[in-house]
C-alpha cells in the first residue's frame, strides 16, 4: 500500500474554561481528545458523528485553522501542527477547505470572479488577467455559467454559492480538501448535485477528501472509509462497506439504526432506543465516554477507557452475528 | 459578579497610571522652562538656574515624573506658577460652584429628558414625536457658547429677567433668590445638550423595549399602558441610559468650561481659562488630572452599573 | 441570515442603501446643505464680496448695501469673513476625522484581530484616552503647542480615535469568526490582505456613521476653541473667532450682525451633518 497523505496522531484540542479574578483556568472542554487516523492519496475519508463530537474541530485542525493542543498532523511528511506561520502559508495551497454554510463562507463585498481569482493573485501564481481567465474556466468546471463572474454572492442561491466555494478551494490546485458538512445547509434536492460534483472533481483532479458530516447518507455515498466520532474520541474506523455491513461499536450501530432505510421491506426491524443527551465535553464520563448511553454497558465500561484496537474502541465489540 | 468587580478595579490601576503619565508629559511639551514663568523677565540666568534647582527642573524628566507622582500620592499637586498658592487650594476654592452648576444641570436635564423621551416613544411617528426629535437634533447641534450668548442677549440684555453673569450680585449679599437667578441661564445652556442627547436614548430604547416579546406578553395579559411603560419597559429601557451618564461627564466638563467663561461663573472652567491665559501649567496639570480621575471613575461606575442592571455583562 | 434575497434585490447593496438614504428627507436636506457649504468654502474667493482681511474705515457698521452683514469691530466685511470661515470649519471637520479614523481603524484592527496581549494593551490605552475630558485636554494641548489650524486638526485627531478603535475592534471580533475570513486564512492570504480586503470592508458602515457625527463634533470643537481664543487666530476668519467678539457686552447687545450669522452658520453646518449621519445610520445599519 502507498504511504498515507495525511497522518493524524493523538490529536487533542482543549479549550480552557476560565473563571475568577485572574481568569484562572479551571478546566477544559475536550473538543478533540486523542484522535488518530490516516488518509491515503485519492481516497475519501468520512468523519461522522453528532454535533459537538469534535469532527469539525478535527477538520479545522487538519488545515490548521485550529492549533492543536497536542498531537501531530503530518501532511506529506511534514508535521503542520508546529509549523511557522510563513511555512504554513506556503503549504496552505495544498490543503483547502469547503465550508458548511455557503451564505457566510463568501465575502459579501467581493464579486464571484474576484473571489476566485484572488488566491492566484495573492500567491503570485498568475497576473490579474490570467487569474480571471482561470476563474472563468473554473466556474464552468463546477457547473456555473461565466456570467456569474460579475455577480455578488448574495445574488446566488445556496447551491450555486457552494459551487463557488468549491471552485475557490480548487483554484490553488490543492491535493487535500477538507469538506466540512458541505451539503448540510442545502436543500435536499441540491445535496445530491453537489455530492456528485465533488465526486466528479475528485476523479478529474485526483483529489483526496476528508468529508465531515453528521448524517450517514452523504457519508455512505461519498466515502471510501469512515471514522465514527463521539465526544471528541474515535469510536470506530473501517471501510464504508464494513461499517454498513457489520458495525462493531454499539454507537455505530445506533447511528446506522437512525439512518432511514430506503428499502421498505427492511423497515420493520427492531429499533434501538437511546436514552439521555450527549454528555458535556467539559466533563466527559469516566471510563468509556459512551457508557452513559450505551445499551450494553458493563462495570468495566464505567472505569476503564477502551483503546482503539482493530478499528474499534469498545470493551465488547459487536460480533458478526449481533446480539 | 464580585470577581468581575475586582478584575475591573485591577485593570483600572495601569489605566490611572497611564493617565498620570500622559498628563505629566502634555505639560512638559510646553516650550521654555516653567522657571521662566515663575520669575520676572529681568531675572538673571543664575536666578533661573536657582529656581530650576529649587523646583527640581534640572533633573531628568523621568525623575521629575517620579517626584511629581510621589508628591501626588501625598495629595500635593504643587504650587501655582502665578501666585505660588497651592494648586489643591486653588482647585478647592473653585470646585464648589462647578459642582453646583454641573449637578443642577444634570438633574434638570434628566427631569426634562426622561419624561419627554417616554412621551415621544409612546407617540411614535406623530407630530409630537417629530417635534421632540427635531428639537433634540437642534439641542445636540447648537454650540454652548452660541446658545449662551443668545440666552444673555434675549433673557438678560433684552428682557432683563436674569443677570448676565457671575454667581451673585456683588454688594447685595447674595441671598438664595439672587443665587438662583444667576444659576438659571448657565444651567439651561449646560442642560440643553445633555437633555437633547438623553431624550434620543430614552426614546429609542423605549421603542426597542416596546417591541420586545415580554412587552407583548404584558399587553396580552391585559395590563394597562402606564403599567407596561413604568414597570416593564422603563426598567429595561434605562439600561442604555445608565451608560450615557458616564460618557456625559467628559462632555459635561467641556460644556462647563465654555459656559463658565461666558457667564463668568467662578468655577474650575473659568480657572482653566484663566490659567491658560497665564500659562500656569502647574494649575492646568492639577485640574486636568482631577478631571481625568473623575471621568475615569465615572466610566468605571458606568461599567459596574451596567453589570448590575444587566447581569449578562459581567459574564462576557 | 439564511433568508433568500428577493429577486428584486438583484443589485448591489450600495444601491439599496442609497435608496433607503434618499427616503430620509432630513438627511437629504442635510446633505444638500453640506454640499452647499463645501461649495461655499471652495469658491470663497469668487463668492466673497470683499477681501476678508481688508479693513474698511467704518467699523462696527450696521448692514448696508455695500456690507450686507455690516462690518466688525476692526472694520472688516462680516459676510466675506463668514464665507471664508466655511473653509476653516470644513477643513478642521474633515481633517481631524481623517486623522483619527486612520489611527482608530489601524489600532482597532490590530486589537480585534490579534487579541490576547495586543488587545489588552490597546484597550487599556483607549481607557486612558477616554478618561480625559476631551475638550479640556484639547484646550490645554492646543495652548501648549500654540494654537493654529494644523494644531487643532492634529490634536483632535490624536485624541479622538478611541471610539473608532473600540468600534472597529468590536466588528473585527465578530467578523474574524466568519467563514469567509476563515477561508481567507485557509487560502494562505497574508494578514494585511485579510485585514484590509476581507475584514475592513465589512466593518465599514459603523465607521462611516461614526465619522460623520465626528465631523460635526470637530466643527463644534474648533469653533469653541477659536471662540476662547485658542483656535484659529485672527486675522484669519473662523466662525468661532468671529463669535468671540460677542464677549463684549456692546457687541452682544447692539451689533447682532457681528455674532448671530457665524453662530447660525455653525448651528446649520453641525445640524446638517448630524442629519446626514442619522440618515446614514438608518440606511446602513438596518441591513439584516
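Each chain gets a letter, A, B and C, in the order it is written, and its residues are counted from 1.
Operating definition for what follows: contacts are C-beta pairs under 8 Å (C-beta built on N, C-alpha and C of every residue); 3 or more make two chains touch, one makes a residue touch a chain.
Please read these numbers as outputs of a predicted model, since none were measured by experiment.
Overall, the chain located most centrally, as judged by its C-alpha mean against the mean of all protein C-alpha atoms, is C.
Of the two chain pairs examined here, A-C and B-C, it is B-C that is joined by more C-beta pairs in contact. Centroids of subunit A and subunit B (each the mean of its C-alpha atoms) stand 56 Å apart. For the pair subunit A and subunit C, the distance between C-alpha centroids works out to 49 Å. Measuring from the averaged C-alpha position of subunit B to that of subunit C gives a distance of 22 Å. Only residues 1-2, 4-5, 9-10, 12-13, 178-180, 182-190, 193, 197-198, 201-202 of subunit C touch subunit A when the two sit together in their complex. Subunit B contributes residues 11, 14-16, 18-19, 22-23, 26-27, 29-30, 137-138, 140-146, 149-150, 152-153, 157-158, 164, 249-251, 253-255, 257-258, 261-262, 272-273, 276, 279, 281, 284, 287-288, 291-296, 299 to its touches with subunit C in the complex.
For subunit C in complex with subunit B, the residues that touch the partner chain are 124-125, 127-137, 139-141, 143-145, 216, 220, 223-224, 227-228, 230, 243, 246-247, 249, 252-253, 256, 259, 263, 266-267, 270-271, 274-275, 278.
Looking at the complex, you find that subunit A touches subunit C at residues 60, 63, 65, 88-93, 95-97, 99-101, 103-110, 118-119, 122-123, 152, 154-155, 157, 165, 168, 172, 185.
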